[in-house]
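Next come two complexes built around chain A: one with chain B, the other with chain C.
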Partner chain A sequence: MLQQYTSVGVFLTVGALFVAVTLLVGRLLRPHNPYPEKLAPYECGEIPVGGGQVRFNIRYYIFALIFVIFDVETVFLYPWAVVFEEIGLFAFVVMMLFIGTLVEGLVYAWKKGALRWV
Partner chain B sequence: MTVTDWVFLAVAAVTLFSAYRVVVSRKIMHAALWLGLTFFGVAGIFLLLGADFLAAAQVLVYVGAVTTIIIFGIMLSTPEELRGPSPEAGSDAASSAAPTRRSFLPLVTAIGFAAVMVALVNRGEWPSPPGSVSTDTPRLLGEALFTRFVIPFEVASVVLLVALVGAIALALKEESGQ
Partner chain C sequence: METFLIVAIKSVLLVVILLTVFAHFMLIERKFLGYFQLRLGPNRVGPWGLAQPIADAVKVIIKEDIIPHDADRITYKLAPVVSLFVALAAYASIPVAPPVEIFGRTIELSIVNPNAGILLLLATTSLGVYGITLGGWASQSKYSLLGALRSTAQMISYELALGMSVVGVIILAGSLNLYDIVAAQENIWFIFLNPIGFIIFFISIVAEVNRVPFDLPEAETELVSGYSTEYTGIRFGMFMMAEYVNMLTMSSLATLLYLGGWNGPGFLPPIVWFLLKVVLFLFVFVWLRASLPRLRYDRLMDLGWKVMLPVAIANLVLTAVFVVLF
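Up next, the complex of A and B:
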């Protein structure tokens, strides 16, 4: 069972090692000479203004949440597609009801102006 | 020990370590990223148990979406809310309670949770040992979802709808209140 995921394991290990080795080699090779201008955050060559942590608009959260909900829907679509041929019309109706309920939420968001970018 | 045992030990070690880092990280953004790694480790454990679809769903929903929404939650907070009151401004009661909050309570909670989980694992009836089920898990899940568990499946969509509408209502209230 585990053999079919060997490539995933190799990919993860090589990926992690690649980052670790790159950072380690960089640390060993680079000169260490920090001064205030170099330590300042890079803002397209300008002198940075204000703090780095600002409060983002609440609208981002709505987009993230809609993404989460339709992400969950996608997860359910996959087993549905696998058994669709066997169960047929009933599975189709059940899934349309499921998607319809979620689309209702999307329509609500749309009507309320939550999707409008201001 | 077989290869599977070694892989399990490695995945479990990564999961436990990153879960520990979630709790002890002083910067909340680091804690959120460690939480993502914890979710990823849990997906690895699901995979080792033969639940490949569950592992994929875990990566897609928890690593992909839940971690994103937690990071958005951090970005929506003001820096003062994230750091909490500065240590100099903290009252005596808060500073004397800090060691309890930092060491004693988390330990009690962790031991209590572990005890409940061990009791559940020992008492629960397991229909089949892990890995013995057919590997075609999406088909099994689909058959169960669209025959026996149709009503819970539809109820799940209502739960998702409630979450969506509730979040929009709260977000718009917040926006108009400012």
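Up next, the complex of A and C:
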């Protein structure tokens, strides 16, 4: 098992090296000629209005919260699925209870209007 | 030491192959989009435009690297690197063919073969969202920020349906190992045993890699180019590379999970079967781009949470019932 992770390490090193070399070659070849107009954030050629930190819809945050709950619960399904055939009916009944809870959570969020995008 | 050398050679080969495939896939995509619209596509550089990828690479490398004056410099510079690095790393656990014998040694055609291969793969691909979010935020531009937010919400929403649909395959195969999953499909591909799961999975991967009709993060008609608006030169190129390598990873994963991986009639070697199926998926990506309009954002979220997720759960329950009964 340890050897597997060494392999991942080797591959990641090769990947990182590739990225680093590309950046380095680029740095040697490309021109560098900044001036204020060029460095302004792009807004269709106009002078930008206000800063880049605009307020955004709170919905994004709510969806992220619901996601965390469901994603953690999904992870529990993986080990269950692997041994499912060995354990059989008992595993099925227990997991249906678990999925029932999961669905209840989804229905609750739905009814509360948390899934509505306004 | 010798195994270390083999892994090193495999790693270098894989990176080179991924980038070659990326470059030429981009050319093929432009060609096909051209044909779909009764145009010729790129045809000036080399015969049939074959040298276009080289021209593009040179151009992208020698372009000036512009960093907006408000930008968070470190994050801004790191974001595309993270994107590309994660995209490459994800491919490490994908096997492309059964192990081969070279010079009397058995060599696996994947960098790693962990017991929980599918889990490692899903974990790595879901890291991809960081590059996009950080890049969009660090640019300090309105378009970039909106693109980044959209892509975050979209990718996490569809990841749920993706994860749920994969559970169906794991129940059928009884293993998290990708070699075992392919071996379990020797007689019948999982696309026939689990068609609903496949449809959910395919729609989710299109959304995961931000492709049409789910390309809202870079919707060019409203957000210019979304999270990559402020990026120029090689850093923009890295975002592009990451996107296309992700597409390749997801196509390979779909092939392994549902289309029987390298299984196929014996007149072609296994790796050819695998590549043919991957190319089929890549073609569908281009086909979708040529034929479908973009979704509206609220409909995108509704589809993800109110259709895909419930259907994925239902599919999971159905698969479990199916396995218990038969």
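Rule of thumb we're sticking to: the second predicted complex is superposed on the first by the 108 of 118 C-alpha atoms of A that agree within 3 Å, B and C clash if a C-alpha of one lies under 4 Å from a C-alpha of the other, contacts with A are read in each partner's own complex, and residues count from 1 in each chain.
Convention: contacts are C-beta pairs under 8 Å (C-beta built on N, C-alpha and C of every residue); 3 or more make two chains touch, one makes a residue touch a chain.
Everything numeric here is computed off the predicted structure, so don't read it as measured data.
**Q** Examine A:Phe56 and indicate which partner it touches, taking first as chain B and second as chain C; both and neither are also allowed.
**A** both
**Q** Could you look at A:Val94 and tell me whether it touches chain B, chain C, both or neither (first, second, both, neither)?
**A** The answer is first: A:Val94 touches chain B but not chain C.
**Q** So, A:Leu102: does it touch chain B (first), chain C (second), both, or neither?
**A** both
**Q** Is A:Phe76 in contact with chain B, with chain C, with both, or with neither (first, second, both, neither)?
**A** first
**Q** Return first, second, both or neither, reflecting whether A:Gly26 touches chain B, chain C, both chains, or no partner chain.
**A** Once the two structures are laid over each other on A, A:Gly26 reaches chain C alone.
**Q** If we overlay the two complexes on their shared chain A, which of chain B and chain C does A:Glu37 touch? Say first, second, both or neither.
**A** neither
**Q** Counting residues of chain A in contact, which comes out ahead: chain B or chain C?
**A** Between chain B and chain C, C touches the greater number of residues in chain A.
**Q** Thinking of the overlay built on chain A, is A:Glu46 touched by chain B (first), by chain C (second), by both, or by neither?
**A** neither
**Q** Using the superposition on A, tell me which residues of chain A are in contact with chain B and, in the other complex, with chain C.
**A** The answer is residues 1, 5, 51, 53-54, 56, 59-60, 64, 67, 71, 74-75, 78, 81-83, 86, 99, 102, 106 of chain A.
**Q** Can you name the residues of chain A that touch chain B in the complex?
**A** Against chain B, the touching part of chain A is residues 1-2, 5, 9, 51, 53-56, 58-62, 64-69, 71-76, 78-83, 86-87, 90-91, 94, 97-99, 101-102, 104-106, 108-109, 112-114.
**Q** Which stretch or stretches of chain A touch chain C in the complex?
**A** 1, 3-8, 10-16, 18-19, 22-23, 25-27, 29-34, 36, 38-44, 48, 51-54, 56-57, 59-60, 63-64, 67, 70-71, 74-75, 77-78, 81-86, 88-89, 92, 95-96, 99, 102-103, 106, 110, 115, 117-118
**Q** For a test of understanding, state which residues of chain C touch chain A in their complex under the given definition.
**A** 3-4, 7-8, 10-12, 14-15, 19, 61-70, 81, 84-85, 88-89, 92, 111-114, 119, 139-146, 149, 152-153, 156-157, 159-160, 163-164, 167, 170-171, 174-176, 224, 229-230, 233-234, 238, 297-298, 301-302, 305-306, 309-310, 313, 316-317, 320-321, 323-324
**Q** Taking the touch rule as given, give the residues of chain B at its contact with chain A in the complex, in rising order.
**A** So the residues of chain B touching chain A come out as 3-4, 7, 47-48, 50, 53, 57, 60-61, 64-66, 68-69, 72-73, 75-79, 82, 131, 135, 138-139, 141-143, 145-147, 150, 153-154, 156-158, 160-161, 163-165, 167-168, 171-172, 174-175.
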